[in-house]
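We just call them A, B, C and D in the order they show up, numbering each chain from 1.
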Amino acid sequence: MSDRVRVGDYVLLYHSDKVKLIVRAEPGKIISTIKGNIKSDDIIGLEYGCKVKSSLGYEFIVTRPSLDELMLEIYDRPTQVIYPKDAALIILKCEIASGCTVVEAGSGSGFMTTFLAMYVRPGGKVYSYERRPEFLSIARRNVSKLGLEESVEFRLRDVLREGFDLPDNSADAVILDLLSPWELLGEVYRVLKHGRKVAIYLPSILQVERVLRSYARHGFIEPEIVEVLVRRWKPVAEELRPDTWMIAHTGFIVFLKKP
Amino acid sequence: MSDRVRVGDYVLLYHSDKVKLIVRAEPGKIISTIKGNIKSDDIIGLEYGCKVKSSLGYEFIVTRPSLDELMLEIYDRPTQVIYPKDAALIILKCEIASGCTVVEAGSGSGFMTTFLAMYVRPGGKVYSYERRPEFLSIARRNVSKLGLEESVEFRLRDVLREGFDLPDNSADAVILDLLSPWELLGEVYRVLKHGRKVAIYLPSILQVERVLRSYARHGFIEPEIVEVLVRRWKPVAEELRPDTWMIAHTGFIVFLKKP
Amino acid sequence: MSDRVRVGDYVLLYHSDKVKLIVRAEPGKIISTIKGNIKSDDIIGLEYGCKVKSSLGYEFIVTRPSLDELMLEIYDRPTQVIYPKDAALIILKCEIASGCTVVEAGSGSGFMTTFLAMYVRPGGKVYSYERRPEFLSIARRNVSKLGLEESVEFRLRDVLREGFDLPDNSADAVILDLLSPWELLGEVYRVLKHGRKVAIYLPSILQVERVLRSYARHGFIEPEIVEVLVRRWKPVAEELRPDTWMIAHTGFIVFLKKP
Amino acid sequence: MSDRVRVGDYVLLYHSDKVKLIVRAEPGKIISTIKGNIKSDDIIGLEYGCKVKSSLGYEFIVTRPSLDELMLEIYDRPTQVIYPKDAALIILKCEIASGCTVVEAGSGSGFMTTFLAMYVRPGGKVYSYERRPEFLSIARRNVSKLGLEESVEFRLRDVLREGFDLPDNSADAVILDLLSPWELLGEVYRVLKHGRKVAIYLPSILQVERVLRSYARHGFIEPEIVEVLVRRWKPVAEELRPDTWMIAHTGFIVFLKKP
């Protein structure tokens, strides 16, 4: 396996935690940084982990961006997205792993779709439904940027009206990020396998109430409502303390199991 | 694929969110519940999702336990374990997926090992190091209960003294759950691939300080310190509010990247 | 002012953070501790800050209990109480200080009443309404244990039906701890002075919704909804970390201003 | 008691939760708002709670600002300040009420001083020490803006070198907001009354560690370490949810008792 920068790779140029940038390795390009310029051609073919010098003499390490930094950099985001902290817990609690069939509605900007695609490989498939064509094409384009399109089947469809075009008891997990998911619970029950879960992502607590008032009559059991809070600390030994601000709310997550 | 209860399966018998239990389907056994007895033989061969009646006439749905409920039920836990909330974020941030080579030290009770094993399948491998033979055998036995032993290579070894017996640049991720992980950072750097991360799990903030004082001289970049808090809500529409108590601390997680 | 233990004083006998107890200094009593017995007569007349020896030879410092430890020890608590963390913010945000007239409904066990009484002294008065005679008498007895009864006027009255027997524009603050406070907002508006606030304490988020749907039509402005979370750390240098468990929810507090 | 706007009053002009402003009532002034101009002379003499019309025909209610909104508006803030959430808990836990003698070091911008002054009235006194003359004069000016200067004795003094000029056992509470409070613990012990507390405000966790390593040898008991988190919710019934961002850290508070 070659461990060198190839044309088309997304590369992290790292000088310090404050001076770093993600670029795509393309022949002939000049990369400007606040510490001088770097020639793209100097990077292509270089081994990952090596250094390049900028025109002003500063050293940058050539390394790989993390998936989350990369998505924030290269993905279009016309909609509110599901955060890694929430995606991580959903994937673990729904036991989404290689080979799984996962249903998602709606696709949004494709952030959750990307995480799901990463985890169902190889052998699994994400069925991602979206009723708005413009979002579907953004989600599809985003997922393709990371080469994950083979694991995802995008479908333009208003699932609230038409349901999923999938057989009964066929899904290992269902993820809902919709305004009125309570209207879809019967259909979700139909496509889920026995003993598997749906994760419902809800910004407002009154949406949670609506789900709680409906789930039992559709046959779901073991409701769980969680909020995930990630508190970050300043990574400097001399000033060790939590960051002043944190994200206090993205959404509530409701898990329901089909028995 | 048969969707019926087989001998040896762990089964969730669900009457309500308050009356439910996990049992192993074994011929001839009588299962006692606070709502009457159930014969194990009545369950074996039944389709998942069906109901059985107890000796007192109460209905129980026969379904599958979730991975996390199952682990809490059947795993031995002589040590403090890494919680799902923390495991989930570690797996996502370290981009652990099918085919990955992951190094873990120490094995503890095998909870983190189990989650790692689930996600590296198929094609990946977890190398789990532990210096205390009694814990290694508990971790191994726990992981076998879920049939995940083929994805894990357990090794009895004091890695602080002897290091990992793995080649340079071979690991996609390293997870440390040790008292003094700062002593192992050079060795972790050696085995990690370029652009990949180590996740260090630390109960005390002064351990975090020690890691912060050492990481840079070993060549790591992009330190991140996080705490994951999960706040659960009471899943009852009429009394919708957060639970009175929550787990406020398990450990700090420090992520470091090898450039 | 004498700084010696007098008959009737509540005294903290402190051996260590794990071995300490609150006792009332009464002549002739023998106080049993897990480190031996102490004679009450040895304490009476002693200067605060001095030490006594138990029958087993262990030293105890004789000091004063804090108000919060004292209340937890000597108050009867038939109802859920408002916590110091919530009481503190309510008192500050409602600007309750010496000389204020404060209205409270209901009295509950008198915890909030006690804090209010402490802060309106001298010259102020707390009007504490309760419709259940048994709670009113417990609240009254509790408040008397700390000698604060002169600052409180307890009234047996169902304020939801009968309102407050107080003039218009007479209260500097109103505190509501009732099941359906939205039914009382008109009356609260009547008794509050211009520019002053009501604090409404609500366990469930759907109660908050009800208040939000009513406040504007009664003329209130500047709604604020807060939750106060106190996270405690283990006070040991070598093991410095947050406590494992914390109280994640007591109640939501809604503040409204009468313009 | 006149309930009308007088010259010099700080007044809240409220149109809606988004359009509101705090102004000082001064003769002849024109007040510009994004909803038109208002003549200061139209406000002076008006009863609180009444309305004025702007030049564009919008109605504004004339009411009183809350203490916290007022301080944020009119106080100079050259330093980091102690937040109401922290001040509130400190005041309650230290049992600061009318008649108390409270010692504060340092004065900073005078925010904490202001809250202390409000609560020791009448009959109490805040001794506020500051070694930097420029901050002392800002703190003094701020406190005077609210007319609280009679309750505060400001002193220019480097307490770390010179100590407090106060008798032994004279303070009901001590509040420290200094870089190295552990150097002052002996002196704090000297001035505190028996059974009373010092509250130490510390941004960094390593400062907390330093305090924990020193308190016992000075004779303090019952250490408590807390963080206060206030989570605000959006006060709109239809979109009821926590705010997206919150303040995740101001400082750790350590309480110690002198026995």
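By our rule, a contact is a pair of C-beta atoms (placed from the backbone, for glycine too) under 8 Å apart; a residue touches a chain by one contact, two chains touch by 3 or more.
Note that the structure is predicted; figures quoted are calculated from it, not measured.
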Original post:
So which chain is the furthest away from chain B, centre to centre on CA atoms?
Top reply: D
Subject >> C-D or B-D, whichever has more C-beta pairs in contact >> reply: C-D
Subject >> Rounded Å distance, chain C centre to chain D centre (Cα mean) >> reply: 22
Subject >> Distance from chain C to chain B - Cα centre to Cα centre, in angstrom >> reply: 43
Original post:
Distance-wise, how many Å sit between the C-alpha centres of chain B and chain D, to the nearest whole number?
Top reply: 47
Original post:
Listing for chain D: what residues touch at least two other chains?
Top reply: 205-206, 209, 231-232, 240
Original post:
For chain B, which residues count as touching chain C in their complex?
Top reply: 203-206, 231, 238-250
Subject >> Contact footprint of chain C on chain D as seen in their complex >> reply: 3, 12, 14, 17, 20, 47-49, 61-68, 84-85, 87-89, 91-93, 95, 97-98, 115, 118-119, 121-123, 169, 193-197, 205, 208-209, 212-213, 221-237, 240, 252, 254, 257-259
**OP:** Spell out the part of chain A that touches chain C in their complex, as residue ranges.
**Re:** 205-206, 209
